[in-house]
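Both of the next two complexes hold chain A, though its partner changes from chain B to chain C.
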Partner chain A sequence: MSGATRTRLIRSNTTTAVAVAAISIGIAAVLFGLGFAAMFELIALTGTLVGFPTLTLLGALLVVQGGAVVTFGLGSRFSVVETNPRPDAGAVAAVVFALVWFVGGGIVASQLFGLGLVGWLPAALLTGGVGFAVTVLPGEDIGSTAPAGAVAVLTGLVFLSDLVGAQSVWGLGWEQQASLTAEFMIPVLTVFCALLTGWAAAKAYGGFGARGRRAGAYLLIYLNAGAIVTVLFSLVAFTLFKGLPGLFRGVAVGAGVGPQSTISLFGFGFSFSLPVAWPFVMNGVGLLNEFNGVLPAIVGTFWLVVGAVLFAVPLGVGAAIFLTEYAERGRFTQVVEVATNGLWSTPSIVFGLFGFAFLIPRFGNGKSLLSGMLTLGFMLLPLVVITSREAMLAVPDEYRDASAALGVTKWQTIRSVVLPAALPGVVTGVILGVGRIAGETAPILLTMAGGVFVPGSQTANVLGGFQFTASPPFVANPQLLEATSALPYQLYALITAGVGASGNVGNPDEFRWATALVLLAVVLSFYAVGIVTRYYFRRRLNYE
Partner chain B sequence: MAQAAETETGAETLARHVRRFREFLATTDREALAVVGVMSLALLSAFVGFLLVSAYTIVPFAVFLGAAGYGWIRYQGLTARLLMLTMTVSTIVILLLIITFIFYESVPVLVYESTTVLGVSVPGLRMFTQPNWDAVSSPIRYSMVPMIHGTVMVTVIATVVAAPLGIAAALFLSEIAPAPVREFVKPGVEILAGIPSIVYGFIGFTVLSPWASDQFRILGQGTYLFVGVVVGLMALPTIVSVAEDALNTVPESMKSGSLAVGTTDWQTMTSITLPAAFSGVSAAVLLGVGRAIGETMAATVMLRGVPRITDPLYNVFYGQETLTSLIARNYGEADGLQMDALFVAGVILFVTVLVISIGSQYIEWRMRKKFGGDV
Partner chain C sequence: MSEIESPQKGAETAQPRQTTTGESDEQLRAEWTDYDFDGEAKLAVEDLDVHYGDEHALKGVSMDIPERSVTALIGPSGCGKSTYLRCLNRMNDRINSARVDGSVQLDENELYQEGVDLVELRKRVGMVFQSPNPFPKSIRENISYGPRKHGTIDTGLLARLFGRSDEESEERLVERSLRQAALWDEVKDRLDDNALGLSGGQQQRLCIARALATDPEVLLMDEPASALDPIATSKIEELIHELSREYTVVIVTHNMQQAERISDQTAVFLTGGRLAEYGRTEQIFADPQSQRVDDYISGKFG
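Let's turn to the complex of A and B:
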């Protein structure tokens, strides 16, 4: 697709103009970076930058940038630079510029000249109208550069003239008071002007017209994609940076330093000590502990996931098989589809409420691990149905026909042809779904909960808990009917407990970040495994 | 097939089903029928027993397991088919159970909050006509207005953030990005969806909220503005993946046809691909809105938890309470009417999101029909 348009149309020698536009894009990038640096307080607005006061430098750069963009538009208009502008700058640009000028005019009229509603509204309408007219009436070259450049120049002049100083505060005068401070407004305005003029400069770089629009749009879209990835990385990196010290506190490696484990086989017990001691993931919270940890929550999350998978995967895969292989398309399948999609989008807290009203009275009238498992299972079910169905629909009909031609029954075809072929898709879907529910807090808040600082003795031991009883329901497992902790809930409890509650954890803040990191690591490892599995199977399918 | 079903009348459909059931009875041997019958009856009574909170639920369930085991050995095909039908029905049953239970639990408070309009008593109306939530001091009032206001504020901000960015990212992934970049960005977007909401909330609570209090000189912590931004970030992956699917359903021949007459790829996107996929992209935004409405933990941790309407209405710098955070914050100490009021909040959330989900499914269904694909 992209190859089709890569051929350069021949334009007359425009290297100087292209260079000017490229430099302008460069200045926009610098302004963009400076704006964000100022927003995150990496550079101080009151300080100096390369010898100039920061505010003066920003203002001067904005004026230069705006001037360059406007000059380029004028140059194109008077045929100094050869471009292919179209008759107008387009509807989207017109609406955006009209809005920008409306807001700008309104703020200037009401704040600078102190006009009331009767005064600023006509002024804002006037400037908005002018912005719209300048965008639409002259050709594309003027229309997409002049309004953007003028905004940048005016903003720059405001910075230079000290109308908005580094210490300015604009009180909004609301009942619940809030103010717009210079340390927020100046970075935001700078970034906004950088985007606006950067887009105009990219358009100019492409010589306006179809190619120019492509250049302008691609700049913004690439920036957007880059920003999303940056946000993701900074979130993960930030959690990692804050959580690592707490996570690895007290780690020791060596023979016999770890907690003692016992393996019993056929009556023979064999005890040994693990060669690694990692207190944060191997301990609970206790008075005698040198280092505290979140072992009960990790084990709780593990059992929650196991329970939810045991409940939802057979149910979901079975429903998917019935829908794709047996059911005729009609009212019934439509209703099931609407129901699964409705379940998929149901808010997690509603599942929690449902579990609270439906499951808790039926499982011993108290919050329990079992209720939590089933609630998460209800959440996982629609995901399993949807992904398994997609995987089964992707199995080619030739497979089924070839199998049926051998004279086997429908069920045998499903069992030995359809299911194995669809297995990779089902497995990937289940793994990604599990990643999603493992991090859910809201549903287990109402059905399972747990404590803030959980002692190691509360680690659930589900397998050892089964016992038979004489009274109905004859099988009991007190471990399943007790509330235990889980990582997402524990993090929530730690946050709401506030700074005051410290249990006997030495550094609560470090403890919280380490819990967040463990949770993130558990959930993201499910995602990583799911994505790698999908990648692996897709490659194998492609090469076959 | 679907068309045939639409044209026949109800009586004909019923007659067809009865005929098929008779055929099934006639062609299946007696023992298999007995096994299937025992399985169905046992499962049904186990379900009823579970609903009635009976301690003996396990007895019919054990019978069901036994019958299913026997059937699996003797009549595997038939048993498997019945089991799968049961599993399919269970998805509908779960949805119906959710509807029944959350509506049932919310009845008492609806009765308490009745108001008479023109001589007719309308249950629950007072929850929407006055703005006071006071669960402690008399008069005790459970108004949903402040929370609906909060949810609307957060959802609007989240949509303003997520919709343009999400659509742009979907265009990037589906049309623009070179293959290696896509292989890198697409899992990135998925992982963004994977970060648990409580972690978003924790970062928002420890980093964004104090920063916002400082920047905007507000009293205390918690702003709708930044909750909206964080929730928007969480709704973003939903919008990206659904919109990308919609863009991918536009047939390649339409795009190639446009490119062949000499347009740039950006012109093809704005005048062919996006208009053709418009309904799918709007369904994506709708689903994103649904996610934003239901987002709980980030809002709970970052908001103030004081149910009142901000002053003025559009004051985004103060974050009070949303429907979801109301439930998550108050379930602990609530009982009686207050707990039921939380269920009313749940009902509002559930109904809104269900309507959005069905609406977006209808839009997607129409789009698939338009392109003549598999409906």
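Let's turn to the complex of A and C:
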């Protein structure tokens, strides 16, 4: 397939060779999945899989896969398979394979043959050089298949020959007694070989050349995206499965089973019982409780976020309006910009210290909900400023011109045109910020306190706490000055409290996981509210 | 018309213009830009200079614009015609580096002096921009935006609560403006749809309707048809013709045929920010006095 001959315009995808390459890609994907499953201990290395010992199966698959890839490369070289390879496999591939072969050669020489530095370094350099040469010299088809396939075959043989068995431990001989166990090594090697050979197989599937490179890149991107999504979902699923038993302990549905609630309106009180009893989210911790829960922390987190948003959003949006619409762009705005960016990346414990040293002495000298709200509000402020500013800068100047040409004042323009157009961006910023502050532990630790097991009496009753007085300041809310708890802090306290302190909740482990799940759910519901809001504002701006 | 289409003949008739009669350039320019018309000048511009930073964008332009007519401003890119236009409603104030010297009078009121109410000025001198720029709001809100903000129409929450809402007059205003802009029939059933869903030509007519809704006396248009297809363009041109019965229209255009079709008088700006010639449109196109204007309108440069 030199430059003189043209490749066919129409490629039929049904030839045997292409089918083999496709199957090879499939095997790579399977190996990738098996590797991850083994890493998370979903499959046991010592057990069996579809009738074979797991390790044998992995080894055999690797050998087959490596062989298939190498065969395809050879077939292409000797024109059995019609492909369109370039003269070499590319610089990146060459460097990667040289490194792989250098490391592989070094490990084999030092561990298998027990050579010292003088022995293994030349060996590693030699294999690395061979890897480089094989990638670069013989043309793209051999260059991108042979080194990858050989690595897979060798790894497969190592697995099959039991050189690395399911029980192997590779002591690294470092001071910390670090060692790599088979449970870690084997999955990593499998995933790595799957990526290498999968890429080679994808290139072969595309017939090398530009098409092949595209196919190889796609494969890596898809596997990567798939792995990320899988990890994220398994994280949520993990928390979900661990947390659900504790969360639903003692749930009862029926008339009058729930806790007594009282609503007072104009002096009249209505008492009623909710038809659902859900102890974990409706109770605090108490000696008389049959089932304990984290109600104070849920309520605390809710009010914290609400308070921080109410504090930070008006201030932040106001500052952003000033910076984008009124302040002359220059040194001043640049300094403010750098400062806000810096504040956003300031560690949260520093904000906590500020709250501890500055806010607490001013609000009754004790840890309180209000201090926590303000501290988190200060943390949220820079992000609101940054994102609101970006959103307002993105509003086209044409709107401002059009409005000015109609004789509308600047402030009216900002209110009726700029802000509505910037709202989705502002809301996005608030969503991101709430996601961060709702999970913050350190600032709450210093400003809001809490405790390991928070009794139900510490539930903040912010709405009911307002008191109206005849003398200034006319309205007070002692509830805001009470110490209460929040979910991330309570989780931290539960984990660090140790086993001894956890006698009064039935199963401390379940209690912890359920707390984590509730925290996740609370943060995600804040997200959901934000996303719905943003969707609403976007719909109003765009025609559909 | 035929002279424009045949450069040969145009060059022939231009020949005598090159002979100097001993007058200086300044005198010649003053002669060529002196345009006598019947009636009052709606806008009187005297010795207008505009600087953008170090750049001298407009040099000593003097031209009066008659009432209830269409004035076209033509010239190559960067010649200062848009700058001139933006001086007429002080939109240049919005550019930080811009400095304006000279005098612009609207009905004999000096615009460049202390104490000019920009809101009132821009209510009386409306503007339509090159690219359609409706707000991302409903068609109705786009039209009533100006009057609402000026307080002429109040449909706010309190107004509705206290029963003094002007919804009916808003309806009338929306219908009148859209009819004037020849858009009513196309959008009357979807006044609450987002204006961004309209086609480009419709959006531009909506912008014209929006400018008309504040009941201006002068309408400035900065290449209003340059982003539109021929059909939409011809609609806008008809519209401008209609509007000139009630309004004073000043329009910047790159399209010389368009200027010839729609305008009563034409001002030609040439590179360097100077007004080269100003006069009745037929006279400018049929018998330009300066060689450079002749070259420009016959397509030899620009």
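As a convention for this text, the second predicted complex is superposed on the first by the 450 of 544 C-alpha atoms of A that agree within 3 Å, B and C clash if a C-alpha of one lies under 4 Å from a C-alpha of the other, contacts with A are read in each partner's own complex, and residues count from 1 in each chain.
In this text, a residue touches a chain if its C-beta (ideal position, glycine included) is under 8 Å from a C-beta of that chain, and two chains touch if they have at least 3 such contacts.
Bear in mind that the values here come from a model prediction, so they are computed numbers and not experimental data.
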Touched partner set for A:Ser345, first chain B, second chain C, both or neither: first
First, second, both or neither for A:Gly119, with chain B first and chain C second: neither
Which superposed partner A:Val336 touches (first chain B, second chain C, both, neither): first
Chain B versus chain C, judged by how many residues of chain A each one touches: B
Partner chain in contact with A:Glu398 - chain B first, chain C second, else both or neither: second
Partner chain in contact with A:Val417 - chain B first, chain C second, else both or neither: second
First, second, both or neither for A:Val408, with chain B first and chain C second: second
Touched partner set for A:Tyr222, first chain B, second chain C, both or neither: first
Chain B and chain C footprints on chain A, overlapping residues: 328, 409, 412
Residue numbers on chain A that touch chain C, as the complex places them: 328, 396, 398-399, 401-409, 412, 416-417, 420-421, 540-544
List of chain C residues in touch with chain A within their complex: 89, 91, 94, 96, 118-123, 126-127, 129, 131, 133-137, 145-146, 149-150, 193-197, 207, 210-211, 214
Residue numbers on chain B that touch chain A, as the complex places them: 1-2, 5, 50, 53, 55-59, 76-77, 80-81, 83-88, 90-92, 94-95, 97-98, 101-102, 104-105, 165, 168-169, 171-173, 175-178, 181, 184-185, 187-203, 205, 207, 215-219, 233, 236, 255, 259, 263-267, 287, 290-291, 293-297, 300-301, 310-312, 315, 317-318, 324, 327-328, 331, 342-343, 346, 349-350, 353-354, 356-358, 361
In the complex with chain B, residue positions of chain A that touch it: 1-2, 4-5, 169, 171, 174-181, 183-184, 210-211, 213-214, 217-218, 220-222, 224-225, 227-229, 231-232, 235-236, 238-239, 314-316, 318-319, 321-323, 326-331, 335-354, 356-358, 361-362, 378, 381-382, 385, 409-412, 414-415, 432, 435-436, 438-442, 445-446, 471-475, 488, 491-492, 495-496, 512, 516, 519-520, 523-524, 526-527, 531
